[in-house]
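The following block contains the structure, expressed as structure tokens.
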Amino acid sequence: MTSLHGIYPYLVSPVDPATGAVREAVLRRLVEHLVDAGVHGLSPLGSTGESPYLNGEQRAEIVRITVAAARGRVPVVPGVAAFATQQAVAEARRYAGLGADGLVLILQQYFPLPRAAVAGFFRDVAAAVPSCPVVLYSNPRLAGVALPADLVAELAEVPNIQYFKEASGQTGEILTVLNRTRMKVFSASAHIPLTVLQLGGVGWMAGPACLLPRECVALYDLAVAGEWEKAMALQRRLWRVNEVFGKHGLAACVKAGLELQGFEVGPPVAPQLPLGEAAVAEIGAALREAAS
Amino acid sequence: MTSLHGIYPYLVSPVDPATGAVREAVLRRLVEHLVDAGVHGLSPLGSTGESPYLNGEQRAEIVRITVAAARGRVPVVPGVAAFATQQAVAEARRYAGLGADGLVLILQQYFPLPRAAVAGFFRDVAAAVPSCPVVLYSNPRLAGVALPADLVAELAEVPNIQYFKEASGQTGEILTVLNRTRMKVFSASAHIPLTVLQLGGVGWMAGPACLLPRECVALYDLAVAGEWEKAMALQRRLWRVNEVFGKHGLAACVKAGLELQGFEVGPPVAPQLPLGEAAVAEIGAALREAAS
Amino acid sequence: MTSLHGIYPYLVSPVDPATGAVREAVLRRLVEHLVDAGVHGLSPLGSTGESPYLNGEQRAEIVRITVAAARGRVPVVPGVAAFATQQAVAEARRYAGLGADGLVLILQQYFPLPRAAVAGFFRDVAAAVPSCPVVLYSNPRLAGVALPADLVAELAEVPNIQYFKEASGQTGEILTVLNRTRMKVFSASAHIPLTVLQLGGVGWMAGPACLLPRECVALYDLAVAGEWEKAMALQRRLWRVNEVFGKHGLAACVKAGLELQGFEVGPPVAPQLPLGEAAVAEIGAALREAAS
Amino acid sequence: MTSLHGIYPYLVSPVDPATGAVREAVLRRLVEHLVDAGVHGLSPLGSTGESPYLNGEQRAEIVRITVAAARGRVPVVPGVAAFATQQAVAEARRYAGLGADGLVLILQQYFPLPRAAVAGFFRDVAAAVPSCPVVLYSNPRLAGVALPADLVAELAEVPNIQYFKEASGQTGEILTVLNRTRMKVFSASAHIPLTVLQLGGVGWMAGPACLLPRECVALYDLAVAGEWEKAMALQRRLWRVNEVFGKHGLAACVKAGLELQGFEVGPPVAPQLPLGEAAVAEIGAALREAAS
């Protein structure tokens, strides 16, 4: 089973606003650019990838293109987000069949679910793709379901559930999980990525890494080398980007930033609105500051 | 344009848990039973219909069967719930093409949206089906988007947005909307339906009406006749059902109750769990009490 | 034990912003005005009375003045709000000793408390003033503690806990309590007061009644007479006031409205800010509309 | 002005449950024990000190005793928590007069306040004790008021507002404040204290330090010495205590732990309940594990 670590940019989903067609050339060029910059893997269809705003065909197309463009140089680990177990199982199998090296799995909430139902979802989907490593993703703010540490510990017994990504922003939860389980932990952008690495995390899956791949890889390399002071100086410079993204919305910001960098990824999927001029200027400034 | 009023049961979605196939015979029998009981319309694909847990083919199949079974005797007003405008537009057109007489429209939230984006969603979907009356549905607890009264007032200017259904449980919101707009209001089960009728509401769209169609129709008839004391006595008896449903989860409760009544609608869609014995017994008792 | 029903204005607390002294003459004149207008009782030290913003001496002074000014013509039912049982017991005894005819009792939350602790608070305070009727007050939005219906039912067994005031705005909770307990229910301004009377409520404890006492009494009288249509027409006219208060903050609004009516009650207690000109104009307009 | 840094145990408030009297001998013995163990300062009347559950006389008595027992060996920095500006000003002056070396200032919310009102509270109280360093305390979970980074930045311009303590658990907020302001930051127990020190924090104000003063001081010393690996190993061992406290309630846990250690601090103030046997055993186990 592929081992996952390092910087995984969350890819945006470049979709034509009029026709809904995936812009294959743009996505291929973005993948090439990121792999060139040294990222350790690619994660399409995360929050940054606007997964809930796409239909099944768009989603499969994005996985297909990403795998093709990556050409085996780095692992491709798409997100699977669903309300229903059967839909998640179907998507997980489809992406594995398309060549995905792992999955980031998230349960969306409509009706509140008891703990046993939440556990059942993750167990059933993981069992459907037994040779595929699964990243358990807890994102109560966007998806409505929190995964408390004792549930993470229970799911850590499933052989292919090997990673945990926490996006509540409560960094203490990560230490609890690391203390109690064998889970390997990825940082989300709601946390300070360097802090997660200091706690023992294995990487960072993040929208900002689409825009600042070299800087994110440098942060990871400094952490691996134990160069904590240099790493902290770089982290402080990079943090502004997380702040701006938190303020204006993840997908809209990354898409606007990529447009500034010359990638015609288009606007966020409606009803989301493109950012206004002031917000775009703020993103541009944060990127320049972070890259300096 | 069809005028909507009265009791609209929210239909469950009887789906085979193993194959995902819609149980057409069961759904047809349920429709026949409800129309016989005097309901004024039918609403498939609401919350009770587990819409977010179904795929597009299952959803279209349910609308097709419901329209066919209703045979024009009562209006069929399915729910359209989506994150993306394009998906909602596609579903709205598809259901209108299948013979739906109106739509209950709900926006699901992933990323928080500014007011203009929310307004844009409802305007764009309504414009796609201009001859179809639209029920604006505000359900912040399940779908994450609240529709404040001034936004409802703005959307009331759209010709085919003519109805409002409020599910926050804050009954005062309904009076505000009735005071300020030309909207006709349907009660959701989070409110006391009789109270909404007393305030000037035109009906009740509800899961419980699947199980107690005659009693719900009787409540509506008493309200229309201005028999407020008898209506309140009946409402107090029926309220226990709303309480039990609020406690155990809407879809699971209505499906369990229909199974008790001999409709083989199956369990709620996974990862939702079927209710335990104690909850089923509580539902049975509440139904007997309400029907007595 | 005094029986409570009808319109109870929540009195503001006119406090000199520089010295903290209670403006006795202003408070006496306000009481006289309200009793003249026909209100059925007086409730100092509620939310409108800014109870948490006053110290113990200010609070006792306000009860003393209100009792003196009421001269036995109507019951005086002050609020007791506290985090600690001992403080609530001390205040309850002090106000009973000053001549209060009942108490509105509210528990403020700092640390989340288990159900048994919440029940214990209400039992212990009620037991300290056994000849004083107690209004159980549930206000999760401002005080942090919700009183679910089964806890209300348990506390309804305490002889002098006889009333329930619900301020969550979930009107269905009131029907549940009325169905299950012997509690008499007062409306809070988060509900539509007429609706609570239609459900069987005994009155309305409210900030707006400070400003519109005659109209509020008229609403109550119409409801008691079963003149539901006239009552609803008046309720619709009055509702605008509740909306404006919900928008700008209760105490600040009632104080601003009373200043417009010639009562020099002063600004809300700091750090609360006085309302701006636009908000004051909106309050003036709502009062004129409601009184027309 | 005294400079604050290092480990500040939040003192419990040992109050006789029957009489309300402060147990002076117990509090003096606890202070002696903590100073002996090397703590850098003492913080009575924080959350752990159950400040909202005490009356003004109890609070002043606790400050007086703590100052007397500390005998100038370490700074005493009591909490001031209030809804009203005038009450906070009065308490701040009183504690400064009793010899406090600084204040931890927290605004409690009843009515939601606009930003200008929140800023005004902190400015006015700080201006009342101009020679007293002030720790700005953001605790939205318990007190209801969040202090966003731009407000903290604005308040950092006030000469004696020099410290920031963040208790939302969103560690990223701390990096934002450190990046943008001159504030010195203390960790709260909702964060991983070592992480805050790694980010540049100056210390930890904490309930657990009442129970594990030597271990907390050792953690701080390792961080100051840049011994990050040893510090992380100790932090991981200590973290269990934070977890248990988060589960059972801060004040109740620290009081139960101190009773286990032979300090007769009594139960938490009613209506809080003493912990049950199982919880006390869990605390005992966590303390043994942390101290091993």
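So that you can tell them apart, the chains are marked A, B, C and D in the order they are listed, and the count of residues begins at 1 in each.
Going forward, a contact is a pair of C-beta atoms (placed from the backbone, for glycine too) under 8 Å apart; a residue touches a chain by one contact, two chains touch by 3 or more.
These numbers were taken from a predicted model, which means no experiment stands behind them.
Colleague: Which chains does chain A share as contact partners with chain B?
Modeller: Shared contacts of chain A and chain B: no chain.
Colleague: Looking at C-alpha means, what's the farthest chain from chain D?
Modeller: Max centre-to-centre separation from chain D belongs to B.
Colleague: From the C-alpha centre of chain A to that of chain C, how far is it in Å?
Modeller: Each chain's C-alpha centroid was found; their separation is 50 Å.
Colleague: On a C-alpha centroid basis, what's the spacing between chain A and chain D, in Å?
Modeller: Result: the chain centres lie 36 Å from each other.
Colleague: When you check chain D against every other chain, which residues touch at least two of them?
Modeller: Within chain D, no residue touches at least two other chains.
Colleague: Take each protein chain as a node, join two nodes whenever their chains touch, and name the resulting shape: line, ring, star, complete or other.
Modeller: Basically the chains close up into a ring.
Colleague: Let me know each pair of chains that touch one another.
Modeller: In this structure, the chains touch in these pairs: A-B, A-D, B-C, C-D.
Colleague: In the complex, go through chain A and note every residue touching chain B.
Modeller: 20, 47, 50, 52-56, 83-87, 107-108, 110-114, 116-118, 120-121, 124, 142-144, 249-252, 269-273
Colleague: Mind pulling up the chain A residues that touch chain D in the complex?
Modeller: My answer: residues 169-172, 175-176, 178-179, 190-192, 195, 198-199, 228, 232, 235-236, 239-240, 242-243.
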